[in-house]
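Chain naming follows the written order as A, B, C and D, and within any one chain the residues start at number 1.
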Amino acid sequence: MSNRLTCITAVVLGLVMVPVMVPALEYQQAPMLAAAVERGELPPLEQRLPPLPMIVEPVHEIGRYGGTWHRMMKGSSDFHAYSRLVYEQMVRWQVSETGGLEVGPGLVREWEFTDSDRTLRLHLRRGLRWSDGAPFSADDVLFWWHHIANDANLSGSLPAYWKPDDTPMEVVKADSFTVDLRFSKPYPLAVMYLAFKGNQWPLVFERSGFFAPRHFLEPYLPQAGAADVATYATFEQAANDFNPERPVMSAWRVKEWEPGNHLLAERNPYYWKVDPEGNQLPYLDQIRMEIFLNTEMINFRAVTGMLQMQQRHFTRENLPLLRSFTEKRDYSILTYEAAGIRAIMPNLQYPGDPALEKLLMTREFRIALSLAIDRDLINRLCYDGTGRITAMKLHPSAPDYVELTHAPNYAVYDPERARALLDSIGLDQRDADGYRLGLDGKTVSLIMELATVVGPDMDAVEIVRSQWEAVGIKTALKPEERTLYFQRVAQNGEHMIGVQGAEATFPLLSSARWFSTSLWCEWGHHWARWHLSGGERGIEPPPEVKRLQQLQAILSVTVDADERKRLWQEVMRNHAENLWVIPLVSQATSIGVVSNDFGNVSERGVASWVAMTPGYLNPETFYSKSARALTTMDGR
Amino acid sequence: MSEINDTLSTAGQWQLAWIKFRQNRVALVSGVILALMYLMTVFSGFLAPYGPDHRFARRPYVPPQGLHLFASDGLHLPFAYGLKEHVDHTGRTLFTHDPEVRYTLQLFATGDSHSFLGFETDLHLFGIDSAAEDGLFLFGTDRQGRDLLSRILYGARISLTIGLIGVTISVILGAVLGVTSGYFGGWVDELTQRTIEMLRAFPQIPLWMALSAAIPPDVDQITSYFMITLILSLLGWTSLARIVRGKVLSLRSEEFVMAAQLMGASHKRVIFRHLIPGVLGEIIVVATIAVPTMILAESALSFLNLGIRAPMTSWGVLLQEGRNLTTLYFHQWLLLPALFIVITVLSFNFLGDAFRDAADPYTD
Amino acid sequence: MLTYIVRRLLRLIPTLIVISIMTFIIIQLPPGDFFDSLQAQLAESESRADQQAFDALRKQYHLDKPLWKQYLFWIGGCVQGDFGYSFEWRRPVADLIGERLGLTFVMSLGSLVFMWVVAIPIGIYSARNRLSWSDYSLTFVAFIGLCIPNFVIALIAMYASVFWFGGSAGGLFSQEYKYAAWSLAKVWDLLGHLWVPVVVIGAAGTATMMRLMRTSMLDVLDRAYITTARAKGLAERWVIYKYAVRVAINPMISIMGMQIPQLVSGSIIVAIVLGLPTTGPLFYRALETQDMYLAGTFLMLLAVLLLLGNLLADILLALVDPRIRLE
Amino acid sequence: MLQIPTQIEEPMTATPSDTVLEIEDLQVEFGTLEGDVQVLRGVDLIVRRGEAVGLVGESGSGKSVTAMSVLRLLREPPARLSGSIKFYGTAGGAPVDLAQVDPGSEQMQHIRGNDIAMIFQEPMSSLSPVFTVGHQVAEVIWLHQDKSRKQAHAEAEDMLQRVGIPEPARAAKQYPHNLSGGQLQRVMIAMALACEPTLVIADEPTTALDVTIQAQIMDLLQELRETMNLAVLLITHDLAVVAGFCERVNVMYMGRVVEEASVLDIFQRPSHPYTQGLLHSIPRPGQQHKERFPAIRGTVPDPRQVPQGCAFGPRCDQFEANLCDRAGPVEAVQLGEGHHARCYRTDMANHGG
């Protein structure tokens, strides 16, 4: 709450635009920077900070300078392990008063919709500097837009979220610190996308972003129309997130990158945030990422107490092990909420067998399957009772969170009713082995495909299989290599039943499994194809699904908060009544470890890709209680 | 005439070899162990108290259970206690004996149905008549509450046969190519030798890994099993072919082969009547030593998730769980499959050693 | 001798060409390419990138070209010391492998030394005391060493280091030296950690060598020239070391050339289990992610090492055994 | 082939002070898994200074074991030795009982190669393949004499020259596989004689060589023996070689010396049926190839199943039941000056064969 207030204060002060502000605060810097200033290697702090630095309220207390954050990273495709620590978007997710997530200021100190909600005006913070001291301005955004996002050789095509209604947005520089985004229709999601994708390009393999250091990259820019791929490779090398030469806007900058070995990041002397006492952030001198290739090494490091704070790559089954060493190695277990919904998603347009397609499309059949599952047992056996049993509903952390009332709940265990339902839809005949026969006289034989082979999620599905068999439905499991799984689902839609998770905090940003509008939707691949091709290909969905598809379109242009909540209720009710997918048990928490020496790490949080956890928890305020600050820039 | 003499001396040599082999008690024991192991693969369904995928949903990570004869009230037939579960401070479910519940061991108990020599049956060598959630877990259970003993017995089917089939392929390839290469010489020999040279330039383990990684993930279990076997025998035959070729080269110049050739015997006859028996001893020795290499290779590949993959069961697959620090710390019994690997490989090595000694009966 | 070596090296060229083609085929065997596997991997960890962005990258890396062209790109580069580009690490393969190759060799050499230092004396001892109890028990221990899969030994080592010794193992350096520049202290630290993998990797090889040395010694001890040496009045010690071992060790010396590449490939699994910063885990990872030039180069590198090892073996044998002449 | 000595010098009348080697009741057993095997069952043998003594017998008779026992070269265990082997290093000096010396002791090492040298049957395999022949000859010299390596090498070359190797300096740098069998045996001889030993034991020195070379080697040995006043114990299965070289002969059968006599006596008056058999088996000019071994039936029995009484009994044409198979060892019967035989029927033996 107070955090939010300070932000607003900062915004208000910014609006007044006093050219020379008498700093309300006395600014301090880390010893290693002070020493560098003394040696004349850095300009004084006042010249490095913007006139109005962003003030960040630590979650617990004012920290102290120094310390190294030891973490681990699995290969370079696990770039999130680092990039989430240097989460610096145009706007940022922050914790709302209700404990959910909301969008707050970042590089953009303020924004507003104009032109009937069709133009989003962004006010950049003034006087910001890149980590090499060069000023940051609207040109850096425009550089990205003109030379990266719109160059097919670098970006393929413009990301779909920047061309709502298939019309690319326009990016217009109003002045050096003001940028207008113009859309063809109201586009409230743009703010969320700025919080989600508003980072410095390219975020390694994700290749998304919203700005890039023009002054640094311009020399590498390939000549317009040059087809020579080599020049693009050079450009990519320079822009690469792990390039130590590349200037950044984040709290730390990469200092050493030894692929396959380690990554060392060091504080950014030009970082533009301070704590309420005026100490320039971050507190921690450096981040050390050990690159590991064997997943087990992370448990190894954790139980030997060598990780300061990490919640990637831990699995629940290792929790007892991690707990066993908390005292001995002086760390604590971190449990953040995970907001995914794990569900069994039958392919409702299953192309393999018309009889089976019809059966899967029968609502009562899906309800019976749902009632046959003892989710409490699964929760106890696979998730130590910490799992969450939920239908397709928004998680409380969702910005649009709203409760769904008076909806049917089929996520209960009632095998008798399941049997009765199955009998009632004509599956009352059994084969020699006791399995139910379909209406075509053949044994109903289900295959669940999933992209995991081991772990509690697999065990859970295994229990489902036995429980479906217990009500007479022959079921097989087909664990698949994930490449194959996604090929079968997203490219061909040829799977029978998929088991996957759906996003519950930001469904609009990861909407595949909610609205049947993406080919990644296990339960509505061919309906989505129909929708995406304007009715040319795919299969025409039933009215209920058409309504869902429509709802997504409406939600994406609705700015009014109450209206959005109403729309969301309709979406959830649609799911609850039709039971398009059969909810399973979702891992409700994501676990991690945090050294007891580490301060300002919030005990509560949401583990989310969109929110870049722990990025939104202000890692620049994390600090080590015992560490001595480095006094040279070359600390090892 | 010289041919007859040689047949006699060959027979004599086999006899000598047998006498010599019989004297090696360690090898005899090894032979018996291996015979039992392979018998086990035939009867695994019958010997295993449960099916390999029988999950006792409420009995994950049960440590190995003992059989008891004595209870507080005196002597009984062998019995096992039921289990009580409680959760410790780390959130782990632990199991202790429930002295109130005793299950007497039954011979020829009925249980999960399995296919036994082509028949479907639900007869098992032993079992207990327990509540559905309880079971007899002599080797404990894994994370999914599956009986480890049963899984080891079923896993033996793959682990033990993969070596045998792989070696058979190697032996056939190696023997045929070695014999033809040595016997015909010329370009046949040249081609075979060059091929062998190429193949041997590949490092064994990385090549296995690369090839196993290339097995398409969507092939069915039988196919992937045979692909792994083929991959393992891809390099194995080369050393055998070399040995056989060398031996054939020396045999070829010997009188009895020349005599047979002069008498107009066909190539086939010369090869199968004279050359193959002549190199059989070497082949047996090399094959015996190659089997454990393949068993170890299979387990290593499966351990890395490159070989046999779940839901198929092999000892290597079972050991995959041992990669987990949690297993190492809390559930060491899940490493028991390693013991089976060690025993098998040890037996094969002792046997191979004894064969080698026996094949050369004139040394001490 | 020199002409022999040159001739052998020249004969390697066609072999290498065939091997490079086979390697390329092998690493191309899995369906899809790096970006397919990356896409699936990202989708799994809930991040996602656009198909078009990947296609742009494919183009940059020539993955849109026909296979034979890709091969020529690669092999053409290899000849000039450019082994292609690692997609995952976005680095030239040569840099990546180079970084880890040093430690890999140090580890393999360490294992080699360990094997020799342990196996040879025990082999000699065992042969001199043949059929005694000590011989039997050493043989048995050797057999056990041969029979335990090395990844199991590695697991045990890992267990011991975490739970008994407070977790100094797992990697080759302590935390404070892991990222430090090379110094005497760092070398010392390395040695303190190195012995675990060295012993684990060397275990099976030691057992094999011990058996070989024993057999070889037994063979040599029965030779007439040993009796001659004794009859000369040579002390038993000298009979053994100067006459018997000098000849019995020849086969060991000749296999030494092959041992290094064998150890490098044998260490892969151990290095994966122990999380060592050597080339093996990188190769495994490259196979997983279809980072094909990285995997291919590693495979090629080992093949070249093996071929050179073969040559080295022949040369070494000729050096230590005057009966053999290289022509 | 064979030159039967028609006239021969009478053996020197020996005084005890002339004795170099005196073996008495030497017994050697080998412990095996199947039990003990007695290979030598009481060997008595004397070699005098400067004298060449032959030790003759079929393979398996124990000749080589006797020779190896003298230098204690048998692996002990499994071998077990009893009896005495007295070696008189200096004329008239006190003897050393080699049977009592620790085979690994310095004393034994000093005797080997220095006082007693040995020439083995297969020069190819008796020389180490990995050292030059020069090195192997020189090694004996620097081992036993206080000489530098350089001196030793020079002496070794001299020695090679003495044994008739052409270009000794070049040959010294050769490895055994570069030299012919005959040359290698010369090297062996050079090695044996390098320290001018008192006694040389030559164990079938010519068996592995071809016939013409055999004669050359025996001539060389003869010549060196004379110039260096060596005592030689020549072990052979070939009586023809003995005839040309030795003064006295010991015939061995199944671990015992069954007849001992001067060369002349052996050839003219062989008294033991076994000796007679051996003599008959020598090919003579004009004899048919097929009749090569007409004299002795059967083969040497298994040493584990020594026949009772006379060990030769079962193969003997003159075997007489209740006489030859009496229990207990056959005592030696003196038949003349230095002529003994162990045969119950020596009185009936047909002298002069």
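One rule holds for everything that comes next: a residue touches a chain if its C-beta (ideal position, glycine included) is under 8 Å from a C-beta of that chain, and two chains touch if they have at least 3 such contacts.
Computed from a predicted model, the values in this text were never measured in an experiment.
A.B. asks: Quick one: most central chain, C-alpha centroids?
C.D. replies: Chain nearest the centroid of all protein C-alpha atoms: C.
A.B. asks: Across the interfaces C-D and B-C, which one involves more C-beta pairs in contact?
C.D. replies: B-C
A.B. asks: Once you find the CA centre of subunit B and the CA centre of subunit D, what distance in Å lies between them?
C.D. replies: Each chain's C-alpha centroid was found; their separation is 57 Å.
A.B. asks: Report the inter-centroid distance (CA atoms only) between subunit B and subunit C in whole Å.
C.D. replies: Centre separation, subunit B to subunit C: 26 Å.
A.B. asks: Rounded to the nearest whole Å, what is the centre-to-centre distance of subunit A and subunit C, using the mean of the C-alpha atoms as each centre?
C.D. replies: That gives a centre separation of 42 Å.
A.B. asks: Which subunit A residues sit where two or more other chains touch them?
C.D. replies: 296, 300, 303, 483
A.B. asks: Show the residues in subunit B shared as contacts by 2 or more other chains, in ascending order.
C.D. replies: Where subunit B meets two or more other chains at a single residue, that happens at 323, 325, 329.
A.B. asks: What chain pairs are in touch here?
C.D. replies: Between chains, contact exists in these pairs: A-B, A-C, B-C, C-D.
A.B. asks: For the complex, give me every residue of subunit B touching subunit C.
C.D. replies: 197-198, 200-207, 209-211, 213-214, 216, 292, 296, 299-300, 303-304, 306, 319, 322-323, 325, 328-329, 335, 338, 341-342, 345-346, 349-350
A.B. asks: Which stretch or stretches of subunit B touch subunit A in the complex?
C.D. replies: Residues 55, 57-58, 60, 88-92, 143-145, 217-218, 305, 309-311, 320, 323-326, 329-330.
A.B. asks: Can you check the complex and tell me which residues of subunit C touch subunit A?
C.D. replies: On the subunit C side, the touching residues are 31-32, 36-57, 59-60, 62, 86, 88-91, 95-96, 99-100, 158, 162, 166-167, 170-171, 175, 178-181, 272-273, 275, 277, 281-282, 284-285, 289.
A.B. asks: What part of subunit D is in contact with subunit C in the complex they form?
C.D. replies: Of all residues in subunit D, those touching subunit C are 68, 71, 73, 104, 106, 109-114, 117-118, 120, 122, 125-130, 139-140, 143-144, 175, 177, 188, 191.
A.B. asks: Which of the residues in subunit C come into contact with subunit B in the complex?
C.D. replies: Residues in contact with subunit B: 15, 18-19, 22, 26-27, 29-31, 143-144, 146-152, 155, 158-159, 162-163, 261-262, 264-266, 268-269, 272-273, 283-284, 287-288, 295, 298-299, 302-303, 305-307.
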